[in-house]
Amino acid sequence: MRPSGRAVGEMRPVSIETSVTRHAEGSCMIRCGDTHVLCTASIDERVPPWMKNSGLGWVTAEYGMLPRATHTRGKREAKNGQSGRTQEIQRLIGRALRACVDRPALGERQIIIDCDVIQADGGTRCASITGGWVALRLAVNSLMKAGLVRTDPLTDHVAAVSCGIYAGQPVLDLDYPEDSEAGVDGNFVLTGRGRLIEVQMSAEGATFARDEMSTLLDLASAGIDTLVAAQKTALV
Amino acid sequence: MRPSGRAVGEMRPVSIETSVTRHAEGSCMIRCGDTHVLCTASIDERVPPWMKNSGLGWVTAEYGMLPRATHTRGKREAKNGQSGRTQEIQRLIGRALRACVDRPALGERQIIIDCDVIQADGGTRCASITGGWVALRLAVNSLMKAGLVRTDPLTDHVAAVSCGIYAGQPVLDLDYPEDSEAGVDGNFVLTGRGRLIEVQMSAEGATFARDEMSTLLDLASAGIDTLVAAQKTALV
Amino acid sequence: MRPSGRAVGEMRPVSIETSVTRHAEGSCMIRCGDTHVLCTASIDERVPPWMKNSGLGWVTAEYGMLPRATHTRGKREAKNGQSGRTQEIQRLIGRALRACVDRPALGERQIIIDCDVIQADGGTRCASITGGWVALRLAVNSLMKAGLVRTDPLTDHVAAVSCGIYAGQPVLDLDYPEDSEAGVDGNFVLTGRGRLIEVQMSAEGATFARDEMSTLLDLASAGIDTLVAAQKTALV
Amino acid sequence: MRPSGRAVGEMRPVSIETSVTRHAEGSCMIRCGDTHVLCTASIDERVPPWMKNSGLGWVTAEYGMLPRATHTRGKREAKNGQSGRTQEIQRLIGRALRACVDRPALGERQIIIDCDVIQADGGTRCASITGGWVALRLAVNSLMKAGLVRTDPLTDHVAAVSCGIYAGQPVLDLDYPEDSEAGVDGNFVLTGRGRLIEVQMSAEGATFARDEMSTLLDLASAGIDTLVAAQKTALV
Amino acid sequence: MRPSGRAVGEMRPVSIETSVTRHAEGSCMIRCGDTHVLCTASIDERVPPWMKNSGLGWVTAEYGMLPRATHTRGKREAKNGQSGRTQEIQRLIGRALRACVDRPALGERQIIIDCDVIQADGGTRCASITGGWVALRLAVNSLMKAGLVRTDPLTDHVAAVSCGIYAGQPVLDLDYPEDSEAGVDGNFVLTGRGRLIEVQMSAEGATFARDEMSTLLDLASAGIDTLVAAQKTALV
Amino acid sequence: MRPSGRAVGEMRPVSIETSVTRHAEGSCMIRCGDTHVLCTASIDERVPPWMKNSGLGWVTAEYGMLPRATHTRGKREAKNGQSGRTQEIQRLIGRALRACVDRPALGERQIIIDCDVIQADGGTRCASITGGWVALRLAVNSLMKAGLVRTDPLTDHVAAVSCGIYAGQPVLDLDYPEDSEAGVDGNFVLTGRGRLIEVQMSAEGATFARDEMSTLLDLASAGIDTLVAAQKTALV
């Protein structure tokens, strides 16, 4: 019944390949089916002006999509400026990752997570969060190995997955054909221990009931378990 | 325990004054405590290019804040461009209102909802949605009175309220002092019949449990009933 | 003969309501007929870089119009940038107010006057100057009450009114229907004692004689007296 | 008493050299003392969209200053965008020239006047208007010679001069050292027959009396006669 | 003597992997040592307005670099606009590829080549041209296979390589450590048959003699043979 | 055979008039046939932040074209931003001039060369370099005369000329009619002693052979001798 033939609670195959670029302090390529996102973490010993002498660290994110990551070519944002959608997504990624960062433990430095979509098939913001956490983990590991950070500032895993109501049925991990048809969809960011960080459910030209929301949250919880397992495998 | 002395499930006083400006096809000033938003609805018989000859109507929104609506003066966006936050909010308002619009019934025209914050004390995006719906209702009424629209294109009321966890306790309708301290907060958009349109729960440097989310949703549902009643009163 | 039925030297009803917003150090809503402008004054203890250590104060202004303040909706400047007209107006407001400011007496601080047009029916720049001065007066009063300023830095009232030649006849205080038809119009900024600060007379596709200019200036002087009286009433 | 040793009613030497560039339909270099402005007129058979099928012509202007036209180098506007001052000036030039254009006689086409300041010593906007009119005259002549325009659309000469109160004394045609000291200055645009087009008197941190304004206007009228004579000489 | 231990005329290992993204009509990942560029070709049946009804095709290029492609993180151009360097490079890529395009044979359509640098170690513009040609070749093949284009519009291979004078010695295919030290460097674009398309030699704070230029051109010719061979291997 | 009737190796008449503006520390108007460029040099004792305390001087350039310098009026870059072409040209001018600057001898200050095209007929970037060097020379002379610089920081003359293949034949110093037809053209920057600084040869929809390049370089060398002689004459 789903275009891909998947069961309602079945995720796309996930893989996370680490250390894929030479220069970044942490990096991975995350592949959720045909959605591929390159995530890098860059350590910057300078913090933004409003944080100076606070003793606190900061994690922020930027998001982009290559013009031909999509079915039809999109405009290059370097020529047109970042869209509202792009800004919304990168604010979400940063907020999600910061939920499990102990800022005093990180110390007064900044880690910038760049999430660049190489190929898109739905769910790019969720893949960015899940992959971005792995890049962040690797960068923090390097700081700890170098003795610059003593206590681990990452308090838990962070991962994200989308759910939605497609053809009247709640389904997990929407791909692009589902996403473009679903009247209701949501993004769920959870920790490794199952705590919620962000819930965004949204209807376009439709509405939904509270028990549907509950079902979607059940699906999401199961999906997050799979993603956290993939993070752990990648980091072994 | 709340800075304002309100009970956990107590909203600020709400008032909606209609037809406050002379030129707009629909308008109101909504006041939720010290948050005051001027909402206007403008009918434009031209639709965006990508909608031409579709026979479908469109509702969109723009949001702004006067520089000194806030405690300390903010930069004027006309000089600096719209922030990511502003764009995120105006996308939300438009999406929320469209959820209860029958686009073929509206006919091929556009209604633009402008929400301008005159004074801010938390919850401006929610007030914008609740007040914006009233402005939209008035503009649609004028179209129906003029015989330009036959079937009512508004399928239900739309209203929004914020909730959050303040000092460890779930509370309804956060004002600015609460909002700036709360680690978890959310915005809930519902219809008059209690269907969900948008749920946005978000933690900054914190996480929350599923049952807390459930409590917040209960609080929100009660708040929405109050707001829909205020909309009805205003429109009599 | 005038669309509104007013006599040639008759102004629209003027009212100035003070302290209309909660956060600003000074504020008023000025209503000249159907033109309504919200004026706020914000004190900023930091001055622009080029004024540092000069010991001199500064007064500047910003101007905006809500998109649906006008008969047909205008574009939001936050999305499109400030127009040349807007920049011209806000430079005028600042220059006009500074003419009666004793900058050493104000001390090294800045007062920013925001003039936001809530509803427009001609003469918005003049209303902004007249109302802006009231907001400035209130902010300066607060500085004096707090003992931060000893000598009153405001040396006189400042008010402004438009005049023009409509249907061949010099008239005072043009409203929008007159303004859009008049080939010649002007803005006159005067002090409470009748000194001139700014005279801008301008013809679009027309010219005028020197004695017509003199008549307009007579009308303006009378109008300014009315406006200064309204300022005094508002400040009692 | 004036830094240049000129009498109070004495203008700087004026010269207008025509046809100084090869490509423009009309051009001149106007020199008012050390202020040198290159003015070109370009005929464009396409009118702006909002004028299509009106049968009316249009005249507009753009203004710029080379970065090192001034005593100290200014920022290049191509890198920083046009300042408010630049936009204000170019709006004034276009409006001034249009006052003596018979738009139906010009026919549905546009003439763009570019005024670029090669060297500045005060009074660049006035020189731009006086020189811009000569460039416009030459371009219109070429249209008439080609038989594209039958009735002369220019109804009179247009010229402009500045006056101000320097060291307590009204003086004509301010140069930069005077302009930067004068608390009151004004720009006067008149026709060849002595009708007024634009009067802009402005005080920065000062005020002025009505009889001072009258004196300045007398000075300006005399100055305009000199400028119109120079235009006539140049066009022989 | 070279930091990498390469001989003066020795290139870095080159590989070109084709069809690396799912959506583009042509794509490849080109790797020249540690410089990795993803090149995609997108067919657009609409041409730019100035080419309409010309019957001619067009090939253009855009270039970008992921923020952490480099040793230290660069600013994201989507937030800051394209730099002069970026614009210069993308103009070069487009011009280089068009040199071997038979525009009437291509027919009135556009092919856009996106070159996005995933990892940088010098020579990114040259890799973009060499890889961009492969993506273009694949997109043209798909047009020919679909019968939309009859005669092959690509008249020859196009490839590019850099050379420069490092530590006093002419060397081929500079990597980043060499590039940042070389006072003279150049980029050479040639066809498969050895014709020149573009020669750019440039000195920063230095000069060079004509026979040095000749030596660099010899080195470049040899390098181009290697690159064209790699293109052929990739396309088998 | 050339549109102008010139021989293949014949340059347009060149003249360089110095000290043409009153404020700049160095200036000239260079005329290469109908291409006229005003070049000014401005000394700025402040250097860019990244050069502070280096003890090194800097030379940079900006380039612009008046809107009606060309056959048909171009858009004003102050309204539209600098094009990629403009940025490319000004980067080239700065790089070319710096090749013969002894930066420690100049001392920690900046010289900004502004090249503004008053009239264009091909070869504007080359004229800018040749004229820009004269303006630089004059500014440096003034520094030396004032005793601010002891050792001459200019190590040689710098001049530039274009060549191209027009109607199948290599020709020197292309004018606009040739430039717009030539499939291959190049810009050559040389020192007074004949060393190369920059070679840019570029084909649009064409290719060229190595011996053609050699012929163009011969032509250019001869042209540079003429230009350096003109620089010397101008500076006597």
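For the reader, a short list of remarks on this structure follows.
Per-chain residue numbering starts at 1, and chain names A, B, C, D, E and F are given in the order in which the chains are listed.
The rule is short, and it goes like this: contacts are C-beta pairs under 8 Å (C-beta built on N, C-alpha and C of every residue); 3 or more make two chains touch, one makes a residue touch a chain.
In UniProt terms the chains read A, B, C, D, E, F = Ribonuclease PH.
All of these numbers come straight from a predicted model, not from anything done at the bench.
The minimum number of touch steps linking chain D to chain F comes to 1. Repeating the D-F interface with over half of its contact pairs identical by residue number, the matching pair from A-B, E-F or B-C is B-C. Chain centres computed from CA atoms place E at the largest separation from chain C. Computed centre separation for the pair chain A/chain E is 33 angstrom, with centres defined by C-alpha atoms. If each chain is reduced to the centroid of its CA atoms, chain B and chain F end up 59 Å from each other.
Taking each chain's centre as the mean of its C-alpha atoms, chain C lies 28 Å from chain D. Chain B and chain D have Cα centroids separated by 51 Å.
Across the assembly, chain A contributes no residue that touches 2 or more other chains. Contact ring, oriented from chain E toward chain F: the chain order is E, F, D, C, B, A. Interface of chain C with chain D (complex): residues 84-85, 87-88, 90-91, 95, 98-101, 103, 156, 186, 191, 195-210, 213, 217. By the touch criterion stated above, chain A contacts chain E in their complex at residues 21-24, 27, 34, 38, 40, 42, 44, 62, 64, 66-73, 76-79, 81-82, 86, 112, 114, 116, 118-119, 121.
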